[in-house]
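Note that the chains take the letters A, B, C, D and E in the order they are written out, and that residue 1 is the start of every chain.
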Amino acid sequence: MSWLGPEEWQAVALSFRVAICAALLSLPFGLAAAWALARGRFPGRGLFSALVHLPLVLPPVVTGYLLLLAFGPEAPAGRLLDALGLPLAFRWTGAVLAAAVMGFPLMVRAIRLSLEAVDRRLEEAAGTLGASRARTFATVTLPLIAPGLLAGLVLAFAKALGEFGATITFVANIPGETRTIASAIHAFLQAPGGETAAIRLTLVSIALSLAALLLSEWLAARMARRVGA
Amino acid sequence: MTLSVALRHRLSPAFALEVAFDAPPGVTALFGRSGAGKSSILRAVAGLIRPDEGRITVDGAPVFDSAAGIDLPPHRRRFGLVFQEPRLFPHLSVARNLRYGRRALGLPAAPAREAEIVEMLGIGALLSRRPSGLSGGEAARVAIGRALLTEPRLLMLDEPFASLDAARREEILPYLERLRDHAGLPILFVSHALPEVARLAARIVVLGDGHVLRAGPAAEMLADPEAAELLGPREAGAVLTGTVGATAEDGLTEVHLPGGTLHLPGVTAGEGARIPVRIAASDVILALEPPRGLSALNMLRCRVASLHRGKGPGVMVGLTCGPDALLARVTARSAEAMGLAEGLEVTAIVKSVAIGPADLGGG
Amino acid sequence: ERLTIFAAASLAGPLDAAAELWSEESGHQTALSYAGSSVLARQIMAGAPADVFLSANEEWMDAVEADGRLVPASRVDLWGNALVLVSRASSPLPLAELPQALSDDRLAMALTEAVPAGIYGREALTALGLWEAVAPHVAETDNVRAALDLVALGAAPFGIVYATDAAAEPRVTVAATFPEESHAPIIYPGAALTVGPAEDFLAFLQTAPAQALFAEAGFTGPPGPAP
Amino acid sequence: MTLSVALRHRLSPAFALEVAFDAPPGVTALFGRSGAGKSSILRAVAGLIRPDEGRITVDGAPVFDSAAGIDLPPHRRRFGLVFQEPRLFPHLSVARNLRYGRRALGLPAAPAREAEIVEMLGIGALLSRRPSGLSGGEAARVAIGRALLTEPRLLMLDEPFASLDAARREEILPYLERLRDHAGLPILFVSHALPEVARLAARIVVLGDGHVLRAGPAAEMLADPEAAELLGPREAGAVLTGTVGATAEDGLTEVHLPGGTLHLPGVTAGEGARIPVRIAASDVILALEPPRGLSALNMLRCRVASLHRGKGPGVMVGLTCGPDALLARVTARSAEAMGLAEGLEVTAIVKSVAIGPADLGGG
Amino acid sequence: MSWLGPEEWQAVALSFRVAICAALLSLPFGLAAAWALARGRFPGRGLFSALVHLPLVLPPVVTGYLLLLAFGPEAPAGRLLDALGLPLAFRWTGAVLAAAVMGFPLMVRAIRLSLEAVDRRLEEAAGTLGASRARTFATVTLPLIAPGLLAGLVLAFAKALGEFGATITFVANIPGETRTIASAIHAFLQAPGGETAAIRLTLVSIALSLAALLLSEWLAARMARRVGA
């Protein structure tokens, strides 16, 4: 792919990094949220579910603005994180946050569906064999929901590759820092004569996601074979 | 170590458990028809159901006490439970299923013990397989092994042999007997097969519709003509305790009872050992005087203690043979023809081979 | 030291070239963040670490200025643009005939209440007395490039875009140019948000070599001195 | 209608099926140790496994033929299968589980038949419930009812009674007997309980490690001392066919055999009917001359036909009692003491009550 | 909510209609695609999976652009549909298509996860009871994947509410025809001072999705109760 310019390569590398980080970063939170929704019985469960789905319902730009309002350089949360050495605004870390937030509802739903399909009787069995709740979770529940985790990761990764509305709104479109493939494509499409560059990047994006998908399908097939299902 | 259970729990508008019983070390059989509540009791004891009310204690220490607000989670109870279905972990190999409990409990690996259990259960060839392709009986055996390897302080077995062939049962029963005799742990055993129950259990709890219908020592329950009705008349029988004597060249071992001597095959306990011998009521023939020229070697002199007419054409005859109680089931016609009456002296004839290993304790 | 430039997306081509030129001259690195003017303005008002803001319309620059984010007196009008009617047909069309020519079809425009190109277009059509007639036929798009795409792909026979957009799209031709007086002047204002190199860069954009790059892309010069 | 099975199928590198047998109308029992391949055969017959090679025909018409490329899908075979696990549909009530097959097949509702089956299985109280809360035995019964209601042209039962109590079995067995006798359909019956097999089955196929070890008519197999080794010596016995005679007031019915008359309780077949009677080898006592003063009512004059010494201390004695063959298992010591030898005349003593309903055909 | 103007009401009503139609319309296709991915073993399965995920990976504007290429008035597919009386260009029907396409990967994944969790042994049982494959699907598989179908509908509905990038690119923003809530919010945000209107519409959007979510949670809980899980 020598037909990509250095700036474009930069965007590809950044997108990849952002997508991987976003997918992995949101995994534990997605798991926690999915658990709460699948197993929890607490007041406000419906509202919590709505909150999780919000990034799906809102136009991405709105989500981006909300992130900007919450984590911008002049917002208290943003300042706090900055002081803690994790600046977000207009950094690639912010792009990760934006992508993670946008992919969150997808990840939560995938994990939740898997969780709801877990045979609780196996967890009971683990308990009678001496496994604490944490251990049961780690050794029984987690492996059994692996398909959901994998699906969640794939969805979050793919979404992160395609996401630009919230990203560009929250962290702008700064080459090498926050200009992901999607932002670049968008910028190219807005400028006169940017189509060819946009098409090139689109193809790269498709290739990246295809690779991720094939990897995930292969992993899923291996898991299924191991379970013998 | 003794388990005490007293609980009340409503499972549905139509079904409520209300039971109280004790299980001392040794085997306590839960017996009862399908839907009587056996599995639910095991679930409650294991901590998988939280009873509406009650107390479950081990040597007086509660694992559950609704009044005191105590409810230990299952893993802190350290009670092993072999469920009615195998419930194997589909993502782990058979070997890792077997080792699951020890690892969870932080117990050291026990290769010798594991090898012994694998050998006994005949699952050596399955170790590297996943559970999904196992046959019904294979899965059941792995589930038994998995629970045994955790070295629980209480063992619960829910129809563990339902899908196993007789030969396989014969290989597992001696193991359970050794466990019962040497580990000193209470074992709750659910089974529909009375021969197994009679062989293993020291106590029987008969359940019906969520309630304890009758409970007591196995020997008494099995020899009690009234309890026999609950257990099923064809299954009734007595459990006598005998002293092992000499074993002859032909493989028959003398077992001395106060009322006489039995010659039994397949006795593995050493000379001098005291073992329980189950004699099913339907395997006993009564004779007014000791007959001759008969293929049956075992005859005991007994006295008729009671006569119970059941609903069918049978009569359950309670006998005392020295200090032991024996049950015989004969037809009413025979009872009449023989003039059976309380106090009459009779000879009880038992075929040696009618007492198979399944009815023999010890081992 | 890197200069961060927040620029309206429609400036992309010539601005990239100009920034490169300036980097070579001054030795400063540049980072160009392109997006819609509205997005950029809001980011700046939220504290974005930008040094230069190049807006595609005056209102968003006004908003940023009112927020006190500009280096005083650094604001300058940099370029102008013309508004044109494009179509796929190669024949010119008198603007007055637009309603008839449209018949039941659609006229592609950027959002007429939000996006500058759309606002100018509506203003011009109103001034020409055509708005009432064409309003029911307007298909509004998110940005002016999307309106151009609708025409380029044949989804809409006509569209109203900037002259710069029309010049870069070989599949469309300019059917008519809106008279300058039919709408407010199309102005691309720029301002420095930090002192120093940002001001130098703004100055550079006004030099002949820079203006030549923009002229090549179809931009007109600044419409007279800044007010 | 006769089912013919001949197939070869490799399930895993370690296990392959290679079996051929016929199942005429009536019950054919598949007997074999856990993991022998019983369930796999049923799956292949049902169309759930596609064998590598072979032919499965019903009255000559193939439902599967690897050579001809025929492989009817399960629903076009119309074979009912009660799986080893209940496999109830969790989203349907018990009632709708029961009706599932009839609706799928477009059969009209059969309220009378349904009521009869529900009554027999004792699941009337469960009809509106979902399967999830059912006890093990309850679920098993619903699964049996679900298959029975489809009126299949072949019925396969995989350990249907494994989780049922004896009393419940006694309620279901007569139903299966009626089905067997009146519907003229082949029934493949997997069970580890030989009394059930002996009672129901006309033919027995003994499986081991995916192969047919032995197959033949049940009466022959059970009375054949060699086959007895495979079936388990404690389970061996003969199946005789007798003619039902008068029933006395005390509930005992005369059953006439060529070698004598038995007096049996619990016979429900009408006078003149011919029924099979199973007599377990371990329930027979031999006497050199007819004894007196004995509670056992049933004595048959027989002649010793063969003597087989097994591995243990027992001897399996083949007897001919008129045209019937009977098996008796005695200790070697008794055999010697009595001087048992081929051709010797002996009296076979059988306790009436040792022959329970489970050993009695008809109904 | 008398604080919404008539145009805004129109956008709300339209959004609702588009979201409902998009969710329902994509259901059968999503089911078919999920089936093919979960159960099918055909060459090109990986590519097919990638194709299904494409709307997630690509910036929405690109997807909209591709739709325009495929279903625009000059494209063969567009002409055909137009001739069949189903014009898409600049119509609310086109907005439905755009929303359906954007939500498609989410719907497919939800259904697929449920399908993969189905106990195949129940399907076998149905076959031996006389149910054809189609009947087994309708009476066993379908009810068992109901949670996935419901999740898929919810995700597609929510996504349709939030989607504007592909929509505005494909069918523009025509009041009463294609101006959905998301498009309207986006438009408001492009002009200085549009925030209050945008916030109003955002709240409506949240309310709509909350209602849909609560409905779906209630339905899911009912189903779970019936299965007794």
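What we mean here is this: a residue touches a chain if its C-beta (ideal position, glycine included) is under 8 Å from a C-beta of that chain, and two chains touch if they have at least 3 such contacts.
If you want to know which protein each chain is, UniProt gives these names: A, E = Molybdenum transport system permease; B, D = Molybdenum ABC transporter ATP-binding protein.
Note that the structure is a prediction, hence the values are computed from the model and not measured.
Graph distance from subunit C to subunit D, where chains that touch are one step apart, equals 2.
Under the touch definition stated at the top, subunit A and subunit C share these contacting partners: E.
Once the centre of each chain is set as its mean CA position, subunit B and subunit C turn out to be 90 Å apart. Subunit A and subunit D have Cα centroids lying 60 Å from one another.
Centroid to centroid, with C-alpha atoms defining each point, subunit A and subunit B lie 56 Å apart. Each of residues 85, 133 in subunit B touches at least two other chains.
Multi-chain contact residues of subunit E, defined as those touching 2 or more other chains: 61, 65, 164-165, 186, 189, 229. Multi-chain contact residues, meaning those touching two or more other chains, occur in subunit C at positions 36.
Touching chain pairs in this entry, ordered by label, are A-B, A-C, A-E, B-D, C-E, D-E.
On the subunit E side of its complex with subunit A, the touching residues are 45-47, 49-50, 53-62, 65, 105-106, 109-110, 112-114, 116-117, 120, 147-148, 151, 154-155, 158-159, 161-165, 182, 185-186, 189, 198, 202, 205-206, 208-210, 213-214, 217, 224, 229.
Against subunit A, in their complex, subunit C makes its touches with residues 4, 6, 9-13, 31-36, 39-40, 42-43, 46-50, 143, 145, 164-165, 167-169, 217. Partner subunit C is touched in their complex by these residues of subunit E: 61, 65, 68-69, 72-74, 89-90, 164-165, 168-169, 171-174, 179, 186-192, 194.
Considering their complex, residues 36, 38, 41, 59-60, 62-63, 106, 108, 111, 113-115, 138-142, 146, 149-150, 153-156 of subunit C touch subunit E.
Touching subunit B in their complex are the following residues of subunit A: 121-122, 124-133, 135-136, 139-140, 143-144, 146, 223, 226-229.
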